[in-house]
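Down below are the structures I want you to see.
Each of the next two complexes has chain A plus one other chain: chain B in the first, chain C in the second.
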Partner chain A sequence: MATVLSGNSAAAWGFRLSRVQCYPYYPITPSTACSEQIARWVSDGALETVTINAESEHSAASQIIAAGKSVRAGTATSSKGLLYMIEVMENASGGSIPCGFFIGNRATGAPINIWADNSDAYAMRDSGAIQIFTADAQEALDGVIQGYRIAEDLRVRLPFAVNLRGFTGTHAYEGVEIPKPEEVDRFLPGYVSTMPLFAPAKPVTYGAMLSALPYRRHKRNQMAALKNAVEITQEIGREFGERFGRSYGLFDWIGDQKAKLVVALLGESAGAGEVVVRHLQGKQGIPGVALLKIRLFSPFPAREISRALAAAGTKAVVVLDEGLNHGGVFPPLAQRIATAVQLHLGSHAPKVASVIGGLGGSEVRQEHFQLMFNLADNIAEGKASRAEPYWLDIDEDPIFVENENQVNPKLWKKWGEVWKQQKRKEKYFSPLPQETDEVRIYSRAGQGAITSAVGFTGAGILAGRQLLTVPAFGSERRGAIITTDTLVHGGGGQKIRSFNRTWDVMVLYDDTILYSPEHQALDGLKESGALLINSSRLTVKKLREQLGAGKANVRVFTVPAAEIAERLGLKHINMAMLGALHRVYEKIPLEKALPYYERHVPKPRDLSLEAIRLGYAECTDQGAKKRLKEVRLPVTEEFLAWRPEDHSQIAWPSEIEEIRAG
Partner chain B sequence: MATAEERVLDSKNRHMEFTVTGRLVTARPREATDKNEVRGSRIEDRVAPSASELCAPEILAIEEVAGQVIDGIDSKAILNRMADIGPEARLFLYRPQGNVARAEVFEDPRICPEINRGAVIENLKEKPKDVSGWRTHDFIIDTKGCLGDECGRCAVMCPENAIHLMGKGKGSFHEIDPLACKGCYICWVECYRTAADCILVDGKTFDAAMRAKHFGE
Partner chain C sequence: MFNILYNRDIGINLHSFLLPEPVKDVGEYGAIPTTGLTSGHQGCTGCGMVTGTNQALRALKLMGKHVVASIGTGCNEVITTQNTSCWGETSVDHNNFPNTGATLSGNIAALKALSRAGAVSPERFVNLGIAGDGGTYDIGLQALLAWIARGEDGIYICLNNQAYMNTGIQGSGATPYGANTSTTPFGKVVHGNQRSPQYLPDLALAAGASYVATACPLHHRDLMIKVQKAAAIEGPCVIELYSVCPEGWKSETDVFHEITELALDSRFWVLYEGERDRAGNNVLFTLNYLPKRPVSALEYLNLQERFSGMRQLGDMVEHAQALVDARWSFWKPVLEANGLERKEVGYEA
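For the complex of A and B:
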């Protein structure tokens, strides 16, 4: 039975099931929730671990290394926090200390950016740790457990890092199978340090100074141990599959076995690629296509990847990097693949092109994969391509150019010859089928939209469907408009991890959101879709006016959620909206969802359940019967009445003037 | 009345012996013993491993496994597996309470076998370097003047960790390891009891001229 977990919680479960004995941490977005979860378990007594509130990531990394000399240790970090840890991380790899890092990948400033890309993981690639990239919460959980097994293997004994894309991975809620602790114990025996720091019979010194001769010999040893991790990751991934039913390898080959065109990438963005590969497979005039989703980035399985490409007879590889290698020829992944195929396959090597995308939280969308397969097709035909990276989603510097006037003449002077050869082929851009239903919730921060969406996800999974909920995170304050997106697709176990961004159901937690000029909340709504609004004053006529002629077929529902919440004495409207959502989205009926809600709704449980039932009952497509008085919940009043001077020690200008006046 | 009789002081100092002739104390090296062995055995004595304390596993090569009887493992099967791997085969043996908790055969990943994994230095195996050649003067702590465990300033200040406390309570004193002392004068400067002739340099007591020579005073 799957449990609904975010990527961060799944990683925390990985640490819990691995029985980490020491967990020093310094929180940083987006991996904070992992450490919070561990700290909560420790304070509840569910987990016997020493947690340390470090004063910085540098200290946290130093503590994990000190602990790792004798016990199993782990931590979570991101972005600049990881960069701050890198200084000490080489002591872990050089000192042969197996400890675990969970990394919610995030961009590194300047400019400051809290969203996802692989810059931080790329920055640590030369620090001698094992780097595993995971694509969802389940892989992160399994990755942490396997990571300890790989890192503690006597042929390796090195630190490891499990990477998951920030927010779209770490904050996405989905169904995760949590393995049984006793089964994990059988898979992962307790950690025995080869050289414990405090064994009195055998005192040792870690990190002593060595001169050139022993230093270079030691580094040779270290590299040999790291190289062993390739084979061992494969062995352990296979054993994990035998025990838990989910096998892992060095990389996933998704698509045709004899793929002529391959797009290679790391981690979570593969979700959109899988949809495109499935769509293009077997289409007229399209050679075999596949996605090479690389799991083990460091040590890089160069020989294994080259062999797989050679066995498939691949002609062209387009490598997507979500990070940069400043001043390098290609970004890190492209560089590794290009060198690998060149060294292992020589003149039989496929052509390699590099694309940079997904930076700073940019989404790598399905049409981007269509572009990349088209690019791969062109270079497989021998058309010239750039000897430097292409960029995704930069309007001034596109991959394909229709005519010369579209781009800056300077750029045309440089790349015109290449652009002339690169042709956009319409067969790659046929419209993609939509296999999923998508629900978007617009709400104001603090209204509990994420809680209700997570509840909806759990109920949907209980009803036999696959759901994924991705809340948007940013620098919004309380009361700002935020979105929470949920993907629903049929059973059958196949997970889809890509949004089309055309919404089947749009839910507005507040009718004023309709009039927000910035959001244009109704734009992405499908013609056959449904709109649900929390409103006790809008009539259907008014809503139809707002929707316009283009969306005449949209079903419109209203629910007086604030009124229901007020009647029940609840602080939030989210439970009433959740009930109403089941009325609008009939594919997950309320009867099937209720058993889940009975166990999982927020306290007070009976009132929350009543709100769900009332929301379901009072949701109507007739519009508000009469304009009721505007309902403001106490929490809203409190929010509107709040003034900064109530909560601040600082004297405000008026006070300062009073002080000056004496 | 003073007698010319020479009397050897009962001292715990193993490097120097002190003889009293009348009111004069002279220090001279004791009969040579193998100092490294003395040092090694001393630490061995101090650390009797107890079962409750953290225990280090053993990592054995095939010869070492063949050369001893290990209860609780299938030696024959393990030796066979090690022979299959070759000379790089190692047995990881963890016996926390004398009983085998973990026995694992693996291939040693080291290319340069003389360097420990992680460049970790095993402190009992590594012999300290003899740095006595660095110094130009010999430093000796006179047990009479030393305050023993009441003070300990020299031991704290010594950059080479060459000063050790000997004994406990009254009658305890500090001793300088002549192999580890590189003659930096730090103890001599830092000693609270310089005026009480605590640290002797080349057998001489505190001397204003010497101080002036070294520190330009």
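For the complex of A and C:
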């Protein structure tokens, strides 16, 4: 039975099931929630870990490196926090300390940016640690457990880092299988330090100073131990599969066995790529395609990846890097792949092109993969490509240019010849079938939208479907407009974690959001979609006006969620909205969801459940015009008191038709 | 803030109101052979730091403790671990320069986890942090103060030789006023180190240390008793050791004894301790050494060539004297309670 967890919570479960004995932490977005979860368990007595409230990442890293000499230790960090840890990181690898890091990957400023890319992981790649990239919460949980097995193997004994993309990975809520503790104990026995500090009979000195001869031998041995991790990662991934039913290797080959065209990448962005690969496979005129989702980044499995590419007869590899190698030729992943195929395959090596994308929270969307497979096709045909990286979504420097006037003359002078050869092929851009239903909630920060969406996710999973919820995250003030997106698709089979960004259901927790000129809340709503709005005062006429002529078929639902919450004495409207959502989205019926809510809704449980029922019952399909009376909770007043993002001086209160009871 | 209480008695102090029993004097243990650092270390002739480390380690070993030393990068680490280890039966964790406090914390957490698991008995061990003044006053201050603030049980010893000696005598936060170092050179315009040093016991008490003390290897009984107290007292304990450095201070290698005596008699280095009574929010201060023949600052400066420039300048010497006098005035209530009044030479009742 799957449990709904965020990526951060899943990593925390990984540490918990690994029975980590020392966990120092220092907060940094987006991995903080992992440490918060551990701290919560320790405070509640659910976990016996010795936690340390460190005053910096530097100290947190120093602490796990110190403690890791005697006991199993771990911590989580991101971005600059990881960069701050790097100073001590080599003390762990140089000292053979098998401690664990969970990293919520995030950009490293300046300019400051709290969103995802791999810059932090790339910055630590010369620190001598094992680096595993995971693509979802389940992989993160499993990765932490396997990480300790790999790191503590006597042939390795090195620190490890499990990477998960910030927000779309760390903050995405999805169904995760939590292994049974006793089964994990059998898989991962207790850590035995080979050179413990607390052993009076056998004193040791860590971190001694070595001169050139012993130093170079030590470093050579250290490199050899890291290299051993390739084989051991494979062994342990296989054993994990035998025990828990989920096998892991060095990389995933998703798509055709004989793929002429390959797109290689690390981590979570593969979700969108999988959808595109499945769509392109077997299409007329398209050679075999595959996605090479690399799990083990350090030590880089150069030989194994080269062999896989050779076996498939791959002609072109386009490598997506979500990070840079300043001043280098190719960014880190592309550079590793290009070097690997040259060294291992020589003249039989496939051509390699590099693309930089996904920086600072930029989404890597399905169309980007279409573009990359198109690029790979061109290169495979022998068309010239750049000997430096391409960029995704940079208007003045696109991958394909149809005519010269489209770009800056200086760029044309430099790349004109390459651009002339690179052609966009429409066969790669046929529209993708939509296999998922997508629900977007617009709410104000503090209204509890994430709580309700996570509840909906859990209920949906119980009802036999696959769900994924990704809340937007930023430097949001209370009362700011935020989005929470949920993806629903049929049970079983392939997990999908890529949004089309066209919404089947749009939920507005606050009717004033309609009037925010900065959000255009109804824009992505499908014509066949539904709009659910918490309002006791907007007429259907007004709502229809907002939707415009193009969305005449959109079904409109209203629910007096504020009134329901007030009637029940609840502070939040989210449970009533949750009930109403089941009325609108009938594919997850309320009866099937209730057993989940009975166990998981916020306290007081009975009132929350009542709010769900009332929300469901009082949700009105506004085909029939119905006058509603206005009720404003104090909390709503509070929200309304905030200035919305309304810089255009629209006198929005007059836009709302207020219909008073009476 | 805390209230300041004074111990009226001056001198070596076996008692602590934080401990049910006084600690043993060194002689009371009888003839127990112990070692500090083993032979082969690469310390300079006349180095005060090695002696101080030896005495601290022996004090803890006499108590029957296994020492787990978290050491910061610096002279003390470099001269004792090159290609081999001179730490004998001590377990040593050298992590880095800025993180001695954090390393100490990690090892304390490991000990806690191990004793929870029933793998070791915690009373058998003592967690000892050792770093230099650069690693304490400057780059390691954040980690140290955070370790103190977390209230973990351990000892932190700062081997204060008043500059970055390992990297070639650069000025640190503990370098005395007017000293000539390679980053505070005595020039025609700027005359050596222009700032006055910070004081570790002050910083540690402000952060919440249970016990602070200053000591010097010359008074080894006093030093060892203080280390033993620190091991017995619950919570973070900080001891600062006066560490003569002939290389950095530009002094002769055979005047270790004389320099220390002059430091004490000129009151450039005051031997004292402070114990925190958390319930009453008091700190009880004890003066452990009363100069028998108080001397002027100039006499102390005379033996060390790092002060050769500033001691020619009357106003700088005066300023150095003023700094010493201001700090010594803290002890006025103790001197008065003992009917002692300071004269030009010596004390009179």
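We adopt the following convention: the second predicted complex is superposed on the first by the 626 of 662 C-alpha atoms of A that agree within 3 Å, B and C clash if a C-alpha of one lies under 4 Å from a C-alpha of the other, contacts with A are read in each partner's own complex, and residues count from 1 in each chain.
Everything that follows uses one rule, which is that a residue touches a chain if its C-beta (ideal position, glycine included) is under 8 Å from a C-beta of that chain, and two chains touch if they have at least 3 such contacts.
Keep in mind the model is a prediction, meaning the values are calculated, not measured.
When the two complexes are overlaid on chain A, chain B and chain C occupy overlapping space and clash. Judged by the touch definition given at the top, the superposed model places A:Ile97 against chain B, while chain C stays out of reach.
By the touch criterion stated above, A:Pro214 is placed in contact with chain B and with chain C alike. Once chain A of one complex is fitted onto chain A of the other, the partner contacts of A:Arg477 are absent, as it touches neither chain B nor chain C.
By the touch criterion defined above, A:Glu87 reaches chain C but does not reach chain B. By the document's definition of touching, of the two partners only chain B reaches A:Thr194; chain C does not. After overlaying the two complexes on the shared chain, residue contacts for A:Val204 are found with chain B and with chain C alike. Shared-chain residue A:Lys603: touches no atom of chain B or chain C. Of the two partner chains, neither chain B nor chain C is touched by A:Lys541.
By the touch criterion stated above, A:His326 is placed in contact with neither chain B nor chain C. Mapped onto the common chain A, chain C and chain B collide along 37-45, the only clashing stretch among 37-45, 127-135 or 181-189. Residue overlap on chain A between the chain B contacts of one complex and the chain C contacts of the other covers 70, 198-200, 203-208, 210, 214. Contact residues on chain A toward chain C in their complex (touch as defined above): 21-22, 24, 48-50, 52-56, 58-60, 62-71, 73, 87-88, 91, 197-200, 203-211, 214. Remark: chain B residues 47, 49, 53-57, 59, 90, 92, 94, 101-102, 104, 106-107, 109-112, 114-124 touch chain A in the complex.
Taken together, the chain A residues at the contact with chain B in this complex read 70, 94-97, 153-157, 189, 192-196, 198-208, 210, 214-215, 217-218, 220-221, 224-225, 228. In the complex of the two chains, the chain C residues touching chain A come out as 66, 68, 70, 77-78, 81-85, 87-96, 98-99, 101-107, 109-114, 116-117, 119-120, 124-125, 142-143, 145-146, 149-150.
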